[in-house]
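Here subunit A shows up in two complexes: once beside subunit B, once beside subunit C.
Here is the complex of A and B:
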């Protein structure tokens, strides 16, 4: 599937700030989309779109922090860089506690903003790559038969074939056959790799 | 529960829970002394003699929270935070910072601080946060 291009989304109620940021980002080669309000952005935002978000803190109607909350409720993982002309520490700490990628106070140098945007885009790329990898692992797991899944679970717990055979009430030879099928379907070159795959899809502790 | 002026009276030996430590990391500066004064109502506040010792204490099972009191001079706060976070993933870590230093606060949060508290105006917020996490 073709990757969508990364986009830097800019949400700010000030026309001049939006235009200035759009020009700066465009001059640096970034694709941008702008919105004048949180509502405008949320009404069209598609989480499948890779990129990052430059978000003004103080906006009429829904504020930047409130919009961050809405994105969190939606499960959106887009890196958010807050921008403000008058931030304070409690506000910055709250934004970071709720998952903001960065928090910039004006005035800032153009290059500083561009560097942080690039880091945010890199973070998004890495995150989406991990998501795709996890999805591939889940697809492979779904292709296993129930018995193969049982063998996988026991083997990745560290049990030897002989013990697995005892647990399942089958011969060791049968376990070896199932294990070979598991390794093939999971595309794992080693037990260690298999364990890493299972850890990647394990629910967070 | 550990809080200011909590003397813990009346608990039997069977009911007694280990008291978790409040670790203060900082050089011998006015800021560190102010932090220690502000925390005098809490039990089990420790101020290790060195930053290495403070880091070692964070990995202890008794560690309740870590307060980074000042700029740590030679050590960078961010590096210290990263190391502390590596030792104890879920340990509450508070960083004290100068007022309006938003950049430092953001950096501390990114490197693993649970919260950043600006001083002045007062240490009341720090005491409230510590009381909350120690419950």
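Here is the complex of A and C:
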């Protein structure tokens, strides 16, 4: 599957800061989109767009923290780098607790910014790859027959074919056939790989 | 029996005293109206009878003997002297009168006239007086203030219930003893004595006030505010003093608590103002500074490529200068803010201003494990300043001084013995007031010394670089200069010289 290009989103109400960031990011080769307010950003943002977000904490209207909350509600997992001024450390801590990727204190050195942006984009790539992986696993799981699903659940609990046969009241031979279908449909090369797939899609504890 | 002449009788009726005239055998010759009223006999009934009927049983027995002895050439017991005697009313009740007896001149056989002054009335008057006293006593005791009267020597002559209660003593433990020695807290006795002296010397009846502690029998001191007057006799000589005192211990305690709380709040407010101002300024300034950093860093990146986009770089550089001007504008606004702030210049004692913030500064010292010392000259002229602003500057300088030393100690990794900040005041040769804050820290390196007053220059990891700049603005607004000199033997010394107030001051 082809990756969409990554975009660095900048949300800052200060024109100079916003435009200078755009220029700096552009000079470093990043594709950039800017917004002057949280509302403006949220009205156009598509969670499918990969990238990261540079977000000013202090903004009139919706603050950076409130916007982060909105993103969390939407389930948008874009990594957020907060930009803070002096003395905003408590706010930064709160942002981090709510899943912010990082924060930067104004004014900052370009390399510091670019390094963090790069790390955030890498995280986003990995995250989206993981997301696609679990989606594929779910698709494969959905293709299993009810009996195959039962066999899968029992073998991933560590039960031998003989015990699975006993549990389901079928012959051991039947279990072996179902199990072969499961491995094939799930595209799993080994039992260990199958267990990892199931863990990846298991709901978090 | 020879009756008195009519004009004598007329005279008798005119006197208020009872008058009885008797002959040498004790027979009553005249009995005036007052006598009728005193004894309950009508004159007609009394005249002719023996005067002893007016006497008590004991006197009756001896009366005739006294008269005989006198007539026989003996000494007179009553004659010409007068004394209190008990007499007997017609109804049998006995009462005392003041009796003076005289022999009527040229009477032969001798006649005697007795004047009986009704001490019964005097007693009644005395009883009324007593009643009056009791009522006064009641007033005294009902009074919600302590009442104490002393004589000229400070010996207590009167004291009321309220005073007993405050002093937790009985009447006997207070009365007829020296007030100051007995009831006043030892440290305040001199004040108490002086106030009594002052009152006694005062020419008029104007009450005078003073405050001192009394000591209760259990050792507790109560703070009393007194109003006193001198008690003068009719000749205008002060005979003693009367004090009324109100126990204001609890009130004072509450006031002092409230005062302390207010002071704490004020101190916090002052610090907060400075801190908030610095935070607000730093946020304001961060915007253009961040933009300048971004633009200039972008420029250097844009120029790194083989064929740079020159118009783009030029436009970014244009933005850099715009943002630098914006930062400058913010600074200008801050300066004018500090200058135009509602400056309330008042005549102040610089030492008092320092003492007011001393507690707060000392707590700053404790935070840094240091010591704050004061060396205040007593011979300072007054200055006309905005006290709060000058105190802000002081706090800023002292805070810097402690930070400089603790940073140095952290760097050097030892706890050098001397770790203190000294606030000193002294009059300059020109007669102005110099205030200095010196420390024993590392002092300033030459290059740092040049920049120390520049806005945003800081040697501190978390500094805004504005403290000294604002401080200098404040001092400059007071027509003075904030300066730096090296401290001896080492360390930094910041000082400012405030012009002495021009107007002569009492």
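Everything below uses one rule, namely that the second predicted complex is superposed on the first by the 203 of 205 C-alpha atoms of A that agree within 3 Å, B and C clash if a C-alpha of one lies under 4 Å from a C-alpha of the other, contacts with A are read in each partner's own complex, and residues count from 1 in each chain.
Please note the rule applied: contacts are C-beta pairs under 8 Å (C-beta built on N, C-alpha and C of every residue); 3 or more make two chains touch, one makes a residue touch a chain.
For clarity, every value in this text was computed on a predicted model and none was experimentally measured.
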Legend entry - subunit C versus subunit B on the shared subunit A, clash or fit after superposition: fit
Inset, instruction - Based on the superposed arrangement, let me know which partner A:92 touches: subunit B (first), subunit C (second), both, or neither? - result: first
Inset, instruction - Mind working out whether A:110 is in touch with subunit B, subunit C, both or neither, as first, second, both or neither? - result: second
Legend entry - Which partner, subunit B or subunit C, touches more subunit A residues: C
Inset, instruction - Return, as a multiple of 10 degrees, the angle whose vertex is the Cα centre of subunit A and whose sides reach the Cα centres of subunit B and subunit C. - result: 40
Inset, instruction - Check the residue A:118 against both partner chains and state whether it touches subunit B (first), subunit C (second), both, or neither. - result: neither
Inset, instruction - Please indicate which partner A:63 is in contact with in the superposed arrangement: first for subunit B, second for subunit C, both, or neither. - result: neither
Inset, instruction - Have a look at where A:49 lands relative to subunit B and subunit C in the superposition and call it first, second, both or neither. - result: neither
Inset, instruction - Classify the contacts of A:24 with the two partner chains as first (subunit B alone), second (subunit C alone), both, or neither. - result: second
Inset, instruction - Determine, under the contact definition given at the top, whether A:39 touches first (subunit B), second (subunit C), both, or neither. - result: neither
Inset, instruction - Considering only C-alpha atoms, give the closest distance between subunit B and subunit C in the superposition, rounded to the nearest Å. - result: 7
Legend entry - subunit A positions touched by subunit B in one structure and by subunit C in the second: 87
Legend entry - Contact footprint of subunit B on subunit A as seen in their complex: 87-90, 92-93, 96-97, 102-103, 105
Legend entry - Footprint of subunit A on subunit C - complex, ascending: 279, 282-283, 286-295, 297-299, 301-302, 312, 316, 319, 322-323, 326, 464
Inset, instruction - Using the touch rule from the top, collect the residues of subunit A that touch subunit C in their complex. - result: 14, 16-17, 19-21, 23-24, 26-28, 58, 83, 85-87, 106-110
Inset, instruction - Using the touch rule from the top, collect the residues of subunit B that touch subunit A in their complex. - result: 97, 99-103, 105-106, 109-110, 115-118
